[in-house]
Amino acid sequence: MADDLDQRVLAQAIDDIVASYALHGNINHLDGANLPSRALVSGLLDDLLSIVFPGYFVEDEVDALTCRYFVGERCVRVLRRLEVVAGRAFTSSGAEAAANEARARQLALDVVREIPRLREILDTDVQAALGGDPAAASASEIIMSYPGIEAIAVHRIAHALHGWGVPLIPRMMTEIVHRQTGIDIHPGATIGHSFFIDHGTGVVVGETTVIGDRVKIYQGVTLGALSVSGRTGRSRLKRHPTIEDDVTIYAGATILGGDTVIGAGSIVGGNVWLTHSVPPGTTVMLDKPSLRFIAPGG
Amino acid sequence: MADDLDQRVLAQAIDDIVASYALHGNINHLDGANLPSRALVSGLLDDLLSIVFPGYFVEDEVDALTCRYFVGERCVRVLRRLEVVAGRAFTSSGAEAAANEARARQLALDVVREIPRLREILDTDVQAALGGDPAAASASEIIMSYPGIEAIAVHRIAHALHGWGVPLIPRMMTEIVHRQTGIDIHPGATIGHSFFIDHGTGVVVGETTVIGDRVKIYQGVTLGALSVSGRTGRSRLKRHPTIEDDVTIYAGATILGGDTVIGAGSIVGGNVWLTHSVPPGTTVMLDKPSLRFIAPGG
Amino acid sequence: MADDLDQRVLAQAIDDIVASYALHGNINHLDGANLPSRALVSGLLDDLLSIVFPGYFVEDEVDALTCRYFVGERCVRVLRRLEVVAGRAFTSSGAEAAANEARARQLALDVVREIPRLREILDTDVQAALGGDPAAASASEIIMSYPGIEAIAVHRIAHALHGWGVPLIPRMMTEIVHRQTGIDIHPGATIGHSFFIDHGTGVVVGETTVIGDRVKIYQGVTLGALSVSGRTGRSRLKRHPTIEDDVTIYAGATILGGDTVIGAGSIVGGNVWLTHSVPPGTTVMLDKPSLRFIAPGG
Amino acid sequence: MADDLDQRVLAQAIDDIVASYALHGNINHLDGANLPSRALVSGLLDDLLSIVFPGYFVEDEVDALTCRYFVGERCVRVLRRLEVVAGRAFTSSGAEAAANEARARQLALDVVREIPRLREILDTDVQAALGGDPAAASASEIIMSYPGIEAIAVHRIAHALHGWGVPLIPRMMTEIVHRQTGIDIHPGATIGHSFFIDHGTGVVVGETTVIGDRVKIYQGVTLGALSVSGRTGRSRLKRHPTIEDDVTIYAGATILGGDTVIGAGSIVGGNVWLTHSVPPGTTVMLDKPSLRFIAPGG
Amino acid sequence: MADDLDQRVLAQAIDDIVASYALHGNINHLDGANLPSRALVSGLLDDLLSIVFPGYFVEDEVDALTCRYFVGERCVRVLRRLEVVAGRAFTSSGAEAAANEARARQLALDVVREIPRLREILDTDVQAALGGDPAAASASEIIMSYPGIEAIAVHRIAHALHGWGVPLIPRMMTEIVHRQTGIDIHPGATIGHSFFIDHGTGVVVGETTVIGDRVKIYQGVTLGALSVSGRTGRSRLKRHPTIEDDVTIYAGATILGGDTVIGAGSIVGGNVWLTHSVPPGTTVMLDKPSLRFIAPGG
Amino acid sequence: MADDLDQRVLAQAIDDIVASYALHGNINHLDGANLPSRALVSGLLDDLLSIVFPGYFVEDEVDALTCRYFVGERCVRVLRRLEVVAGRAFTSSGAEAAANEARARQLALDVVREIPRLREILDTDVQAALGGDPAAASASEIIMSYPGIEAIAVHRIAHALHGWGVPLIPRMMTEIVHRQTGIDIHPGATIGHSFFIDHGTGVVVGETTVIGDRVKIYQGVTLGALSVSGRTGRSRLKRHPTIEDDVTIYAGATILGGDTVIGAGSIVGGNVWLTHSVPPGTTVMLDKPSLRFIAPGG
């Protein structure tokens, strides 16, 4: 008896769930065409990183004899995966299916051709980390245990895709590395060379941020927008700040607004909250720690 | 010789470890009954999310022909896994074994029946994200790359289990999503519809927090308890704040205390530290950025 | 035609990547000897944690009959893996290959012998969590769902390896748990017993930090260095603060500098920014929340 | 020097292999479209067998509450996989791509609809095994440990596909089970109900064989063709024997030729070699074991 | 339209399958209790073989330091798995559930205790292979590439379980190795020491066969029953032959019948068909190859 | 109590097993150096076959754009794996460790260079199958579903290794394919081009067999040695027959002896037993089926 009841209850529950797919259709994806899944995009990132930093993340001795073949095969994997995920992304964003295949293949080749340039700039990022952290012992240690390097590498890949107009994938890539590192950089942000993020948890860099060369930021830094009232279509205005060359921003500082420019060579102290520009060479600090001390007997 | 020595050293070390299991027994679990493992609870969450957002996280074309069967099978998997983990959780918390099986099965059916209601409220959460972030391009982008949506979805599941008195599992669920997203919401917290968390890293929402409808919070927000002196049993007093409808809380703000009520429609600025209530419609901001500027030549 | 073009484009791209390996050789690792990979180090940590907290993270009933054999086999796995990764780490840091094998085996035995002592101190950490959080229901809940416990356990392992002069591995271990928990403790930091981290996301503890017994810290706390100007070799000066026994540091507080000592029994309030010492028993708080309130009609 | 030499040798070897793909093109498949792989066809067979004999080969409690959903989901998996492999098979055999998709889907539905009929006839095969082997203890033992049952089940599936004109897949299916059991039945063979194969290793049943009801054969039996001289196109003549109802054929017997008919109720003894028909009810045996006995002192 | 039709067709097909589960219930297993699956039994065999021949089938350096722990852990795995599969087997064969748990644990301990005796006799089997095949180069080559050794090892394990009255499992074990090697030995057969099977494909050894010491057989040998007319309950009569010590049986020979005894030291030639006894020391050969030779011009 | 008893029983059993490792040391491999495992050799074979028949066994579209990179990477995998397994094999057979590394690398390069020649001869084997079996529909069907092709391909690889003096590995390779196909060809056998094995189960080809071009054999054929009396060291005499060009041997035929030569163009009928030579062009058949027919009423 109880079993019959359970069967009816379960059948009803399943009917209700299927009915809810009709009722709340915008949080389903039931048209039979796969979206680019997180697992697929994640595997693609792993392959790209293994080409960019060969020998670091693969359990396979790579040497002069073999590296050419390792690279060739990884590039082909990247090509194949990119064709798939980019094709799905174009389709899911409403692009006409006929042109998508050729577009996805062209894009895939472009990404592979971009890798030497990516390596050139990532080399400057690793140098910046080595120069900027007294605790860093070697380039190997930085590549293998600094979350900032991984976040920047993924950003630079995602930023290229974003620039080529690929939907969905760039945001999925940066969110994947956000989950790993706590560093959330929008693919739209423009970042110069020799960029260093230390520790990194809680860093947020908004879509229209512009960052110069040799900039250094610490955990908990937000480069964000001022509050938005109302939403009228998807805004592409510059809503996030500009950080000029050679700026250092310490932990927990918040810099907001599309017109805010931090002049070259400035230093922004920890926990500072800035919503307006400062000229080059400025040091900004919390005035005095406005604290109350209570002695043991107080 | 050396080998013999190594053998004796290793044998002694293993004896010492086994001895330490007797000595520090409260950090072992050696009674031969498995606890609900993180892997099992994590797989259960994956299954639940794949029913709640079908077509988004599964590498399997789901369409009108197949979705009923997809749902049916996933519900059965959820039933089976929940019976196992809930049974273990009841047992581990000392409940009488005899009643646990029936209780776990009833619970499992209840969870499946809850899914349509979960989808109804999660639809409002996705709408809130779409309306609240100018950078969001589509519902797909939000579901696949906004950590806040995942954290809220898991919270709503865990909160239901918590309400039904299930031990251990709800906290394991929220900790699993905390590890993924940096968003730490206690299953006990009560949260209204259309809830939006942007970026999210570092968000902490305490056990007895109450949050109204259409609330929006940013990364680094803490809704916490005032400091506790002494511990006298497990307190169930309201120790965390109440956030009324339509409140927005910007990044890094901290609101503490069980009697603290943020009135409906209020705005709490970034980095604000609040330990008392404010009436509806209040805007609270850091008074003036209390900063010191040092010019280059300064 | 198009295909021929694609073949030439791809072949050129691969040549360019291989050329870039010569050009930017410091971000390659192509000498044919594997580095200790993240996957290997991560598996090693999993094995160590399963010995330290038996029965909690393994899907395998462990009981009085079987625990001795479970421990024996895991210790052997730990030995074998440690020999591999430590051997690679010694080699990668330029140590003479001949001595590395014996050194790695001795080290591996030392780690296994250290486990009872690790368990002894971790028992105090679990007790501290149970005593310090009113929301904690049991030791099981703490071990299975408090990220702080995992971060501390890994730190204590990594700190021992760091003390024995093992390169690379300790930092990889702490970064692995940083990715999981958002808690970033340098292996060099010295930490007393009964240490409790609540929530934890965004915590940073620097290399030369010294922490006493029964210290409690919350999410977003930074124990860091004052800014460094210039880099002259790898500094081993004490650059991070000293926290004496029985100190509590609330969320978001920042304490900087190698000469900064927080005296025993002190309390540091949330968001406080401290760059100098305070005597034992001091309570430090933000003076008054320097806020501006705008009423609805304001 | 040696390394440079190795590099040149390896590069040359790879060039030679690629050149050999042009030279011996009929043993490559390099047109960029996947063939139905053995792994895919094997997974499809596993799914089909788990629907046909539910509860026997799956590590998942199936009961009255859940079996409907188990079946639904497996049928959908079968549909999806069959669409893929049949589509590839049609394409690889030169069929026009446009029609293949619809044809593959129709075929997939037909296979699912065939399952009840397959179960009906397989029930008779299991009964025949239970009745025919004194060592058989139960239907469970037969389904789980008699290779003949698996070979017959796969044959009956492959025979249906073969009848519907599907290229490649049926032969791949029977070869998969041949590798497992040593029983090689061509998908073209027609086999009645209550068929029993004992032990089975070395059994060969040719393409145009016709077998009646309640036939029993043992290991090493060949039902084959007489030798073929010359090959003029692919012959579809009846080249293999006809075995009427209720015939038993003992181990190692060989029966050859398309005109050979073994009359109903006949018994063919072990190792017998037959190339002509026998009337119903005949018993055929090796006349007398034509042996030479040499005594110890001989 | 077509899609609606497909949905109805699929729903009907699934209903028909579920209906067929009621109609042909003896080839389902839907009572919600798992049977001992082939995968589980296969894993158990792998574990047992890795204890019996340590260092041969495991990718893990085993040496004097570690072998004790390797063995301990494997024995525990064997214990746990055996408790599960034996428990399921007892239950599936109708035994009273209450006693099964204790019985399964006792059995599991007995199996582990049996291993030294198994190794003692398997050592003689390896010696027999080394002595009997001029192509064999070493004990390693025999253990790693002679299917006969694997078949005998599994038989000796299965025979012990069969002797202790375990249902289902022994037959599943021998069928697993039959699929691998083409050698089909019923667990009931009694086999002496120093047994050697060369090549082995097609060997069949029946349930009540008795084989003495130092017996050698080749591929395709059948030790079987004479034909059975009718089935009256499960026969336990001796239906298969007795092979005394020091007998050699060449490829393809067939020896049938429960009263047939091949006297000690006899040699049975290839393809011989024997249904009666021969005295000790007899050599039995096909009298003269009764062949017809046709010369080229014939 | 019972538990204590079980603990003692288990501990004793494990002690006994470890003691048996000392007692029967020739069936252990406990010197801490891994042997070439079956899994490793099997993976190596899979890689080799995927280069030899590209596009047939890999789930990865291979085309003109990508095949060069696919081949390059697979060759590198083959190199790396061969260096490992050949190195272990040399060591296990007592070769001096110092020279083994260079020897293994040279061997690995030789194998890769051999592939074009292997493909050339395997092309003739596929043609022979296509020409020899009226049931064969295409080269694809033959490569994907004829066990004979796989057995021959593996033999040709193993034979090359055997010729270069590699111990252990060649036998492991042919045993792996024996388990899959029931075809057991010793790596020492010499086989000409256009070799075709149909069905194949039970085929045995001995170590010193020599087979000419365009030979065709069926299931159950044995090319073996006459019985050996006594064993005096490892014999390398020619113990198995010579089959000249264009011979066909039907199912179940047995040809024995090192001096036996089957002249070119001969046909050996099914089940024939031959221990002496026949001149070219001979047809050998069983004289007359020496059968007894018993009519129904007989």
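Side notes on the structure shown:
The chains carry the letters A, B, C, D, E and F, assigned in the order they are written, with residues numbered from 1 in each.
As a working rule, a residue touches a chain if its C-beta (ideal position, glycine included) is under 8 Å from a C-beta of that chain, and two chains touch if they have at least 3 such contacts.
These numbers come from a predicted model, not from an experiment.
Annotation of chain B and chain E: jointly contacted by C, D, touch as defined at the top.
Matched by residue number, over half of the contacts between the chains of B-E recur in the interface of C-F, chosen from A-C, C-F or D-F. In this assembly, the chain whose C-alpha centre lies farthest from chain C is D. Averaging C-alpha coordinates per chain and comparing to chain E, the farthest chain turns out to be A. Distance between chain D and chain E, defined via averaged C-alpha coordinates, is recorded as 23 Å. A straight line joining the Cα centres of chain B and chain D is 52 Å long. Residues of chain B in contact with two or more other chains: 6, 10, 14, 60-61, 64-65, 68-69, 72, 75, 79, 182, 201-202, 220, 252, 271, 286, 290. Shown are all chain pairs that touch, namely A-B, A-C, A-D, A-F, B-C, B-D, B-E, C-E, C-F, D-E, D-F, E-F. Within the complex, the chain F residues that touch chain C are 3, 6-7, 10, 14, 64-65, 69.
Within the complex formed with chain D, the chain E residues making contact are 6, 9-10, 12-14, 16-21, 23-24, 26-35, 37-40, 92-93, 167-168, 171-172, 174-175, 178-179, 182, 184, 186, 188, 201-202, 204, 206-207, 220, 222, 224-225, 227-228, 231, 234-235, 239, 252, 254, 256, 265, 271-275, 278-288, 290.
Chain B meets chain D in the complex at residues 60-61, 65-66, 68-70, 72-73, 75-76, 79-80.
Here chain E touches chain F in the complex through residues 51-65, 67-68, 71-72, 75, 79, 105, 109, 112-113, 115-116, 119-120, 122-123, 126, 131-132, 134-141, 143-147, 180-182, 199, 201-202, 219-220, 248, 250-252, 267, 270-271, 286, 289-298, going by the rule given at the top.
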